[in-house]
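After this come two complexes, each holding chain A, first together with chain B and then together with chain C.
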Partner chain A sequence: MDYYSFFAAIENSAIGAFVRETLNVLPIVNVFHVLGIALVFGTIFMVDMRLIGLQSVTRPVSRVANDLLKWTWVGFALAAVTGLLMFAANATTFYVNLQFQLKMVALAFAGLNMVVFELVTARNMAIWDGERRTPPSARFAGFASITLWVLVIILGRWIGYTKGFNFSAPPAGDLDLDNLFGAISLVQTAVG
Partner chain B sequence: MHEFASWLAGTAFSQTIASSLWMIPAIQSVHIVTFAVLIGALLIVDLRILGLASKDQSLVVVTRRYAPWVWGCIAVLAATGLLLIIGEPARELLSFSFWVKMSLLVVGMIIAAAFQIHVRNNQASWGETETVQPATKIFAVLSFFIWVGIIAMGRLIAWDADIWGSLSPQP
Partner chain C sequence: MMSIKKALFGGIACGCILAASAVPSLAHHSFAMFDGSQVKVFTGVVTRINPDANHLQIFFAPLDDARRAVIRDDNDEPQIWAVEMNGAAQAAQDGISVNGFAPGTIFSIGLHPLRNGQPGGDRGESALYKCPANTPPDAGEHCWDVEGSTVHGDGEIPHEGELQEEYVPE
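Now for the complex of A and B:
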C-alpha cells in the first residue's frame, strides 16, 4: 500500500506550509518537542527504576506512579502535538525515512508494553505494591520501558541527521528578538 | 574565541569526533537521555516543594533521594557537552544560544547547591513541617524554568543565527 499522496496532501496543507515556511516556527516547535521528551522520559524513568528495584524502593510503586505518570502524559501530549506539526511540514520525507519509521515502531512497542503492564501485570499490584522487590513481570516492564524510550530518543535524534528535510528556517531579517517574539505571536494566532 | 575554536577544531581529538558519521548524534543522544532524567529528578523535588506530590514524605527524604540523580546527571551532561564542544567548536563556542545556556547553567547549579545545603542545615524543621515557605516555592518554580531554558537554548544552538539575528556571531 502506498500512502504517498495522502502524506503529500498533509505536507501541502496550510498547517504544513505554515510550519515549514514561517520564520522560526520550526525551531520553536522543535524546542517544545525536546522539552516534551524530557518530561516523558524523566518521569517514566523514575517509575521504571522503582519497578526494577533501583530507586525509591521504600515507597509503594502506586505512590511513585501516581506522583509522576500524570506528568508523563503532559510531556507526551506536548511531544505528540509538536511532533505532528514537524511531521506535517515535511510529511512525505518523514514517511519514507527509515529512522522515522523505526522510531514509530519503537513508540508502538513502548505503548504496547505499557498496555500489557496496566492490564496484566498491574492487576494484582495491591499484593506487591509495598514490596522492595517487584515480580519479574513488573521488572521486565520497567526494563523494556527504559530500553524502548531510549531507542525512541536515539532514533528521533538520528532523523535530524538524515538528509532530505527542509529543517532550515527561511532567511532571517535584521530583527533580533523581534524574530523570536514575532514567531511566538504567529503560533498564538495559528492556535487560537 | 574564533582563534580558540579554530585551534580546537584542528586538534586530532576534535577531528576524530567530527569525521565520524555517528559520534556527534550518539553523544547528543546520551546528552538528551541524561537531561531528561535530570528534569525528572528536578521535577519530583519541585513538585514536593509546591505540595503537588509526595506530601506524605518530608522534603529531606525527597531531596536526599533525588539529589544524587541531579548531580550525577550534571556530571554526565558536562562530560558529553565537553565532547560536543571539542567535536564542533565553532558551532558551540561561537553561538549566542550556547553562552546564554552556560550563563543559565551557572545560575541553575548555584540554586540547586544552595537549596541542598539549606535543606541539609535545617533537617530537623523540614522533617516536621508539611509545607514550605512561599519564597522556597518561588525558587522551585524559577529554578525549574531556568533548567527548561537551558534545554531550550541547547536546542536553539542549531538555529542560532536564524533566531538571534545580529546578536549571533555572523559567519
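Now for the complex of A and C:
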C-alpha cells in the first residue's frame, strides 16, 4: 500500500465521512481547534517571554512554567484531537498540500526545540531559575519556540487559501482508464 | 465576580452555539474565476473526489462521443476535468460524496469553465446525473438519457453553449 492509498483509507473511514458529511460537525471541530491553538500559544508565549527575559522576571522560571505549561498541554491535546478529525475528513488533499507539509515540519521543530530545552538547557535550571537574565541557550529556546509556533499558525491558516483545483493529485483507487468497460470496449474493438 | 471557570465554559458554550447556528454558506469566495456566460456539458468517469469542506470537487475523465473510451490529449494521456460545487457536508445531503461518486462512476454535468483555461469549472445551476453502474450512455447521449440514472442536487439538465443571461450565484 503506497502512502496515497493509506491516506485515502483514512479519508474513506467512517470517522472521516462523519466529520465532513454531517452538517455543522466540521465548523464545531474547527472552533475547538482554534481554541486549542489559542491556549497553546497564549500560555507558551508567556513562558517563552520569561525565558527571553521580557515578562515575569521577578518570578522563577520554574514557577511560571509550572503555572502555565499544564494549560499548554490541555490546549495541545484539544488541538491535536480536533486536528486529526479535520485531517481525516480530507486526508488525501492535506497529504499533497505543501502548506500542510510545512506546518507539520514546523510543528516537529517546535517539539524538538522543547525536547532539547527539557533534556539539555533545563538540566541546570536550579542555578538560573530565579535570575532575571537566563542563559543564552534558554533565551534561544524561548525565541525559537515563539517563532516556530507563529509559523505553525501562519501555515495552518494559509492551508485554507491554497485548496484550489489540484490536477497533480493522482486518481483514487485502481481505475483503469485504458479499459473502462471491459467487455463493452472489447466488443467495440472487434466490431470496429 | 464571575469565576474564571464559569467564564471559560461560558465562552466555549457561546462558540459552539455560534458555530452550530452558522448557516452553511454556499459561497465564501467570488465566482469571478468562472465564466458564468458559458456552459460546457460533459459525461465522464470519476477519477477522484476532493471532499473539501468549502467546495467539494469531482475530478473526472470525459468520455468520447461514442461514450466507450476516455478522451486523450496530444500525449495520449487521459484528459482530466474537475467540477466544483458546494461544501462536502451539503453535497453529501444530495448523495454527492466519496462513496456515492466512487472512482469509475459515470455521470453527466454542466459546468461554467474557469476563465484561466484550466480544465475545471463550477457546477452552477446544473444537477448531477449518475448513470447506473458500468452503464455508459449510448453514443452522443448523456446519463439523463439512461434508464435507471439518478439525479443529485438541485438544478436542471444543462445545455452546452452560451447562456442568454449570465449565471450569477446568489
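Heads up, the rule we're going with is that the second predicted complex is superposed on the first by the 161 of 192 C-alpha atoms of A that agree within 3 Å, B and C clash if a C-alpha of one lies under 4 Å from a C-alpha of the other, contacts with A are read in each partner's own complex, and residues count from 1 in each chain.
To be clear about the criterion, a residue touches a chain if its C-beta (ideal position, glycine included) is under 8 Å from a C-beta of that chain, and two chains touch if they have at least 3 such contacts.
Computed from a prediction, not measured in an experiment: that's the story for all the values here.
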item	value
First (chain B), second (chain C), both or neither touched by A:N24	both
Which superposed partner A:D129 touches (first chain B, second chain C, both, neither)	neither
Which superposed partner A:L35 touches (first chain B, second chain C, both, neither)	both
First (chain B), second (chain C), both or neither touched by A:E11	second
Touched partner set for A:M46, first chain B, second chain C, both or neither	first
Touching partner for A:T92 - first (chain B), second (chain C), both, neither	second
Those residues of chain A which chain B touches in one complex and chain C touches in the other	23-24, 26-27, 30-31, 35, 169, 172-175, 177, 180
Complex contacts: residues of chain A adjacent to chain C	11-12, 17, 20-28, 30-31, 35, 89-90, 92-93, 163, 165-167, 169-175, 177, 180-181, 184-185, 188
Contacting residues of chain A [partner chain B, same complex]	23-24, 26-27, 30-31, 34-35, 37-43, 45-46, 55-56, 59, 63, 67-68, 71, 150, 153-154, 157-158, 160-161, 168-169, 172-177, 179-180
Chain A contact footprint on chain C (complex, rising order)	12, 15-16, 18-20, 22, 24, 45, 47-55, 57, 59, 61, 66, 68-70, 78, 80, 82, 84, 88-90, 92-93, 97-99, 102-104, 114, 118-120, 134, 136
Partner chain A, residues of chain B touching it in the complex	24-26, 28-29, 32-33, 35-41, 43-44, 47, 53-54, 56-57, 65, 148, 151-152, 155-156, 158-159, 161-167
